[in-house]
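Labels run A, B, C and D following the written order; every chain starts at residue 1.
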Amino acid sequence: MSRRTLAAVNALDRSGFVAAFGGVYEHSPWVAERAFAARPFVGVTVLAAAMAATVAAAGEAEQLALLRAHPDLAGRAALAGELTAASTAEQARAGLDRLTPAEMERFRGANDAYVKRFGFPFIQAVKHWGKAHVLVAFEYRLLNRREQEMRTALDEVDKIAFMRLLDLVQPAATGRLTTHVLDTARGQPASGVPLALYRIDPQGGRTEVKRARTNGDGRLDAPALAGAEMEAGRYELVFEAGEYFLANGLPTAAPAFLDRVPIQFAIANPEGHYHVPLLLSPWSFSTYRGS
Amino acid sequence: MSRRTLAAVNALDRSGFVAAFGGVYEHSPWVAERAFAARPFVGVTVLAAAMAATVAAAGEAEQLALLRAHPDLAGRAALAGELTAASTAEQARAGLDRLTPAEMERFRGANDAYVKRFGFPFIQAVKHWGKAHVLVAFEYRLLNRREQEMRTALDEVDKIAFMRLLDLVQPAATGRLTTHVLDTARGQPASGVPLALYRIDPQGGRTEVKRARTNGDGRLDAPALAGAEMEAGRYELVFEAGEYFLANGLPTAAPAFLDRVPIQFAIANPEGHYHVPLLLSPWSFSTYRGS
Amino acid sequence: MSRRTLAAVNALDRSGFVAAFGGVYEHSPWVAERAFAARPFVGVTVLAAAMAATVAAAGEAEQLALLRAHPDLAGRAALAGELTAASTAEQARAGLDRLTPAEMERFRGANDAYVKRFGFPFIQAVKHWGKAHVLVAFEYRLLNRREQEMRTALDEVDKIAFMRLLDLVQPAATGRLTTHVLDTARGQPASGVPLALYRIDPQGGRTEVKRARTNGDGRLDAPALAGAEMEAGRYELVFEAGEYFLANGLPTAAPAFLDRVPIQFAIANPEGHYHVPLLLSPWSFSTYRGS
Amino acid sequence: MSRRTLAAVNALDRSGFVAAFGGVYEHSPWVAERAFAARPFVGVTVLAAAMAATVAAAGEAEQLALLRAHPDLAGRAALAGELTAASTAEQARAGLDRLTPAEMERFRGANDAYVKRFGFPFIQAVKHWGKAHVLVAFEYRLLNRREQEMRTALDEVDKIAFMRLLDLVQPAATGRLTTHVLDTARGQPASGVPLALYRIDPQGGRTEVKRARTNGDGRLDAPALAGAEMEAGRYELVFEAGEYFLANGLPTAAPAFLDRVPIQFAIANPEGHYHVPLLLSPWSFSTYRGS
């Protein structure tokens, strides 16, 4: 899909802006209308933040109307073909358009209990989850107090909006993915570690994006991803730890306890810095979102 | 392949024992002959230890003869079809029978340099490594001092022997694989985490072995593998962390930074206890060989 | 202080129970009155849970009255000597009775802003914090939404109640403190590690409670603390990692990067199991509340 | 003590150089004599490396003579007052001049066994260890093979030499100590964490060196130590984690499981970069030597 540049977004007049982004918040063009005042936007992150702040500043009545403008997940609107195009695609990504009759029943029961308890439909950013995930979230959130659940629902609405914006606007080139391998058995950077980066598609398939080796400081000479290469989605970094151990005489068993070390993670915001380091010994490893 | 039981091994007389295990140390039946005295053996681990202790107690002349009894890796003996059956299979597993002429040249050069420097051929337990691994090990070990390299080579010989024994004898049922998931964001066991265990075959394919969910203490009600299920080899535990986060209301991004967490590891000794825990938060995880 | 046994608590009639525990929730004997029905109590944990459930089940009006029954922290009631004995002692432990005039002014300003915003005084379980902690908590919580802040305040009231109960009733002997040292450089339990356990008193002084060495599995033969030895409070485990490294030939720098490894932690619930493991290499360590 | 600058060292002629550094390797001025050729030296690290390379390049006979030039630890030479001044001070730092008769007996027995087995005295960089450490190292190393033990002994000699050089020459200003606090519960840098750095003297006393707070990236605006502030020795970083949790609304128990987090570590090489990060949640933390 061809996405607008940020420059093009900032050049829109009010009606053009609302035409472009009025559907980012489901059936609620008022969010785009009010957020327009905050332009220019240097990134999708700030555009999304302006829209989220608009919702946060609205009164409870408007927030409730916003929540109620959402369809039931896997619900009657979907069956009747009454969803927005965006909702249809998102629900399909989560497999909610391919439920068995029994699953459909279970969703409908949960939906009804939820609406009865809270007065608005269950909303979740389902695009990257499967139906099992949606059901466990249902169960957890049904036990929330109402005020808390309203906050949770609005947070999910903001997440959905952010993902929709990423489909409409090309992110600023501020993002990057970096890594760093530390040898915790020897207390020094792990240099010469071969690694590969894969993109994992929604069906679980993977595409190789890059191959590299860590340098003398245990880092890559350039970010694993940067600028336009940064796309939201799921990735896997695979570190060839076994080769590193052999190349440095670190004792291992046969076969080595650790050889190929895969780390799966997601980039939610392609304008952000994702640092995914590996602390490694022949018998242990850790990773975390660093900075 | 049908493997002897330990009871059957312990019932062998000396000549039967040597016939069975005389080839475990390459062209060196004296190792089996002397280790016979240490019977009965309650496990492959102690049988292997008895044979390794025999080698360690032998003088330097016998150790050197043992090392020299090994073929060059990917070397002339392989080309001439003069390897033992075990060596042929092991080298094939590492892809050393499918080298390009350029790779063959590189191995031969390394082999020659190694033999010239140390007076015995390069030996490595290659079965679970690929040719890239063998080459980096070559480069590292060429820089060792001789005495140290002789130790390293004998260690590799012991590893090869252990793997050969596992092909000949059924291990004692003492081994088990366990796990434990701790939620480090909330300081409590992570209960209800779905997980799957896969066996990874040498070509990288995977076979599902088990599915389970962690109990209230973050553990499995029974070992993931126990007794006869324990086979040496490479495995992957996949933890459905994302589902756990949703089921417990832990905030995540969309998509969640961590969702499916795979941990690849190997069981080298099927008679041992492998504890492979997961310390998990929505933004970090660690694993290690525990106890 | 002499504390009642659980048997003695369970033998109390209603009026005796209310006389004993009516002050656990500040000026709110109704909590004890209603929780009495849940006896017998097998531990302080369940007694506290029964009282907390009583508060949670009360309506918002009673909850608000409970919050409003609390004094201002470091406020006018303290100056006028009108606090309950328990509040006076708790505030003194946090140093709130020794504020400079400038600090007093800062607290009073924060108090006034807080009461104006939320309609009830700022409440925090201050006994184990200092005044710096109380001020930062003030600043954070002033930004909460009211419903959320009311939940936070009620949580703090429950924490205060639990600590007051521990002063009145001897806990059940179900608690224990355990540890486990894993050598992540070698992938095995760290045995023979000398360690000492200290109790840290509120002034920061420390008293040695126990000395021990890890056994072959990297654990202690008996819990570091168990039963009546378990007291809520702050502790320090000191592991003599340097001695372990030397005793096992693990290479270190001179001086070693890690030698003495102190881990400070608190036991909040003496009836619980606190597992405080150490994952250790010569260049790294981790700890966490395990199970 | 007044130390030479590197410029002054590089201005020395051969005899001045040998006069200055001839004692760095015990009774072995030939090491300084030969290392002189490698000048100029941009740091103590390279000066020490040049001397260590000289020893490594010497034949086994000279290496053995070097080892034999060392006194017995806590041995007869010490009793007779025949040690070099450097050895006397180093042994006193480890408490080896204050042994009880029983300890003296134990050391003497270990010394005698060691010399009998290896043909040279037990050598260890004891300055930062206590007598318990020295005894466990004795026990471990007595089981080494001779060639391996000779390597270990020479490594210890190099460590002693490096520490002696640090007493004689002012290091280059290339060193620094940095830290970084990551919040693994929230997946972001931990900003505003108060921390203090202490220097720990050999008697265990501590002197505050610096106080600071982490910035928005979880780091300090400037290194905790840099240039001339870097001194070899033992340090403690104390992170006020509890205050951070309160300031950010992270839920904790009362008292909090983690409040004050001390990390003890040593700087062996003041010309190096020591990165000592903290990965922190309310229920877990990790540290390691990073880069």
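Basically, a residue touches a chain if its C-beta (ideal position, glycine included) is under 8 Å from a C-beta of that chain, and two chains touch if they have at least 3 such contacts.
These numbers come from a predicted model, not from an experiment.
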_Each chain counted as touching subunit C and subunit D at once_ = A, B
*Chain whose average C-alpha position is farthest from subunit D's own*: A
*Which is it for copies subunit B and subunit C: same residues on both faces, with over half shared, or different residues?*
same
_Need the CA-centroid distance for the pair subunit A / subunit C, whole Å please._
37
*What whole-Å value do you get for the distance between subunit A and subunit D if each is reduced to the mean of its CA atoms?*
46
*Multi-chain contacts in subunit C: which residues touch at least two other chains?*
184, 187-188, 257, 279, 283-284, 286, 288-289
*Please categorise the chain-chain contact pattern as a line, ring, star, complete graph or other.*
complete
*For the complex, which residues does subunit C have touching subunit A?*
145, 147-148, 151, 184-188, 257, 279, 281-284, 286
*In the complex with subunit B, residue positions of subunit A that touch it*: 125, 127-129, 132-133, 136-137, 139-141, 144, 155-156, 159-160, 162-163, 232-234, 242-243, 246-249, 251, 253-262, 264-266, 268-269, 279, 283-289
*Could you pull out which subunit A residues touch subunit D in their complex?*
180, 182, 184, 187-189, 217-218, 279, 286, 288-291
